[in-house]
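Before anything else, here's the structure in question.
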């Protein structure tokens, strides 16, 4: 950590910082510049709160952290890519997965139809929500356990592993009985009890980036899961909130490329939420892969204009089938494999 | 709702929309302009998902909602200000409250010292966290129930009602036993299970705006609480996330003035999180009141540079005491009372 | 246009709106819903300021525009892609161009070395700044006319057309004498005098999106150029400003795909400014092409760590050469050609 | 400046940085931590581009600037408040000015009526645009010199000094002949030629913050003016662009309080652009003053629903007159004077 003193800070203010460092068994290394003094903090264990603690000292202009606050998920700890195994399907390290399915499970017919269609088109996993977070209390919030049972039935018929969201710590046990991958939604990226609860299951976790989460905060949330002894975290960029409202969100593909450098975890892209418009999904799917993503998660519905949620951003089964060969072409072009 | 058709949409596409409206027992009212046709949707019960449903139709350019999606908390339903009663203290309708206290309860000495100091300076309630959401799993996360007990003890000694955060549905029972106001933190503004759980308690709820929540989403979250039969919701603006990083957040006082028009609920301001820098807190406190807030919630710590969290944005007891007369002066200047 | 009245607005307030519409030779078409009345505005020529004019009327809740405010550059006017011809190189309609070169022209050696290197690697045009906008008045601001002369010399030696920025109306004549494409920088996207001045030249214009410009504002700025009779506008997405600071900007590839639907103009991507980090440039270059861009503009410097500007985001000549075959592979994969 | 090396960087990479520093006559001061080495840069003249230059070096993780890049406008250079004199009216250092008037000058009757009304209500200067930047090329762009003449006439009749915008370097001479304060609009905050041109006049300059400009960039733009020998810069916060669209912009009052600490220049607030809604203007006006602003600039129009621009955010003369006593009350409450 670096402590920048205000220009012309008196010696006693510098000493106060040095004394506090000593209390923490740290050393302060002074760099005296022309205008101001900078203190480099050296020691084995810098407490995570030190930055904030010193920020309040008189004479301190700024405190700057120079190491990443996450450890287990960082590339520095582990340079090799993590590969998450989902019923034999490998996620990460050059493999490209395609997870497809409806926003919500709505009926047996709907989910079976979709599962078969995406399976035939070449998808590797099935997504579908049984518990749905909705901004309004007056909208459809999912079929609950019945939805989970339908997903399990779809898996039995198609062999596709199931990715489904869990919204609250109390539901983790239930969802774990049916799902292959536990999805943590964007709104819950900083629901720490939930992160720890899915961490304790040891199961694969798909962690969506929050709407306004920095890459660092996203990786810190992954660290919450990993700190419970669960290394099977798959990150997912799904668009951030910006001033641009012509699209539902702004898909941040910079974040995909940068996250791949900062962490060894696999990173997926969700172009459905990332754009909010089905007709933009194909282009951004291909862009996501070209940016270096380890796979894609797409909303597909057999009849999007009757979907109970997210219809506007769902591909029809036909449009999804038409997209798959293009995905394969780009995956090959960038030297990866499906 | 308004459905805007693309320029030159054929009649059959318009008919498809009209037919779907009929399925919902709604009527479509055509307005044929020079370039494009617009369909006004008329009927008693427009389903909340209709906007999304029609967005996917061929020939539809855009769907626009013209009514607010929240009902119970809207000014249209109730023009009179809601007054929330917290142990006899009235929040809303021209009264101005000042809630002060540390970010986290850290020890008996710390919380008692603060409680007495803010009480003497004129604060009307005490804040303090026993459960703390933290971005990193490696930082102090609160004293838990012991913290709640210390808060109760502080209430006993000073008479100040207690505002404290509850983070997860499972803790609601516990926190309810000690708190006078249940605080929902910014990261949990869209934790719907939690909102419903605190809704069921009937207790006063302080609902912080999410970092990147629109005013509409904020009011929809209040609607979740109100829909459980709990009208005692106090809103709190605490800064939003923008491109500006010179301050921790951007305090959005526009939102305070606008929320006061759109809802009958009281609205507070949190200048500590709103700025992240203790030396900006006094100015933004006064600005919040002048903008029309029904009160202020401020972080105060007897020794900010030893605070275990949020030290950089906490006022010392002395600085808080120096601020109170200024608060009173502005409250009077804008024709309100404390 | 649509005028939404407040719930329960009295007839006389509605009449006031209708009368104002008549003054403009427009008709108001009433749609009376359960809660509120909506007025559809119908007529041949709706003045661009009507939205704002009616917004101030008593009883008006909101005014909504339903047509795009730009005309000449819109897909509705012209469905066929515009192809801009730059010395025989076609930009748009499936061709993919690669414009490469240094941020600033710094010396004869530097620009010649770069020009030859990017030419050999397969670039189709040369970029380089002679006039540089800089946030600080104390940094290098370009070589001016000498820089332009060096660019012209590089064109003579390599045959590559020249793309260079013009910053102020007074410099348009000068820059026009040397450049093949006049670049309008992000900070000048709404410098309307400059847009009109380059509009009057009839020359190809590369119009960068402003840091916080919506897609609509970007296209309106293109309309400024087109309205002067100059159809040769090439759009360029270069990243927008968001809360994320781990990258210099957030490259908005949604905007590329959406702009291609809303306008017939070609759209390029600038991954150098879009990321601000040279090691992210290759991934985002490929992503840009996959998203549907008509080409790429990249900063290349023979010795990036001695560049006088933008070194951190410039590729070395070797890195650029290594990237070119990957670009070709993705261009082919998405069915386009270079 | 601080150079942070990647964890485990080899000595030769550190040496490369040190050698480069020597080339610039700087010294590098090594701080060797447990994980990584940090280099403090010490010397009399650190080139402004050094940060970027070193960012590209192999082994460098990050480069951090620790001094503000602006000098003349900084509090460190000059602790005393600058007072700008506008025809005898003092702006800054505890005085609070109120600048009022229409967005655009539209006619003799309109500007005279407004000038007299705001004068009687207690305004201290008159604003009005003769040259208007507009996003669309098809809207009213001001009366040009005729508008300036009308403003001068209004000054003659009322004695109010004139604040009016200049949009392009070529117009500076013309506008200077009529105006008392040259306004630089938000879109032109980084139009450097224009900044230097108004800098050369020596006249008072009102510099609006750009829609997405950081506080640092805003002060750097002020530095451009000051660097031409013109210390008479008045800053103006007018709202930034964020994800929230319920208001036109997000008025950033944090920025007002922070700018007052970082610079000695006066800072005004524009609640009209800051909110975009006339009915929010009174509350945010008072909030601006309470936040520490040295004054307010407000749009007032005698007939807002016939205004040719910005009608939705303009106060009527009556509403402005009703606001003035409230302004006075808050000015007094915060211990300042008008």
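Which chain is which? They are A, B, C and D, in the order written, and residues in each are numbered from 1.
The rule is simple: a contact is a pair of C-beta atoms (placed from the backbone, for glycine too) under 8 Å apart; a residue touches a chain by one contact, two chains touch by 3 or more.
What you see is a predicted model; the values in this text were computed from it and never measured.
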Set A-D beside B-D; more C-beta pairs touch across B-D
In terms of CA centroids, furthest away from chain B sits chain C
Whole-angstrom distance, CA centroid of chain B to CA centroid of chain D, is 31
Distance between the CA centroids of chain A and chain D (whole Å) is 38
Contacts with two or more other chains occur in chain D at residues 212, 241-243, 245
In the complex, the residues of chain B that touch chain D are 212, 214-216, 239-240, 242-247, 249-258, 261, 274-275, 277, 279-280, 283-284, 286-292, 326, 329-330, 332-334
Touching chain A in the complex, chain D uses residues 2, 4, 7, 29, 31-36, 38, 40-44, 61-62, 64, 66-67, 76, 212, 241-243, 245
In their shared complex, chain D is touched by residues of chain C numbered 20, 48-49, 52-57, 69-70, 133-141, 167-170, 187-188, 190-194, 211-212, 217, 220-221, 223-224, 227, 241, 278, 304-312, 314
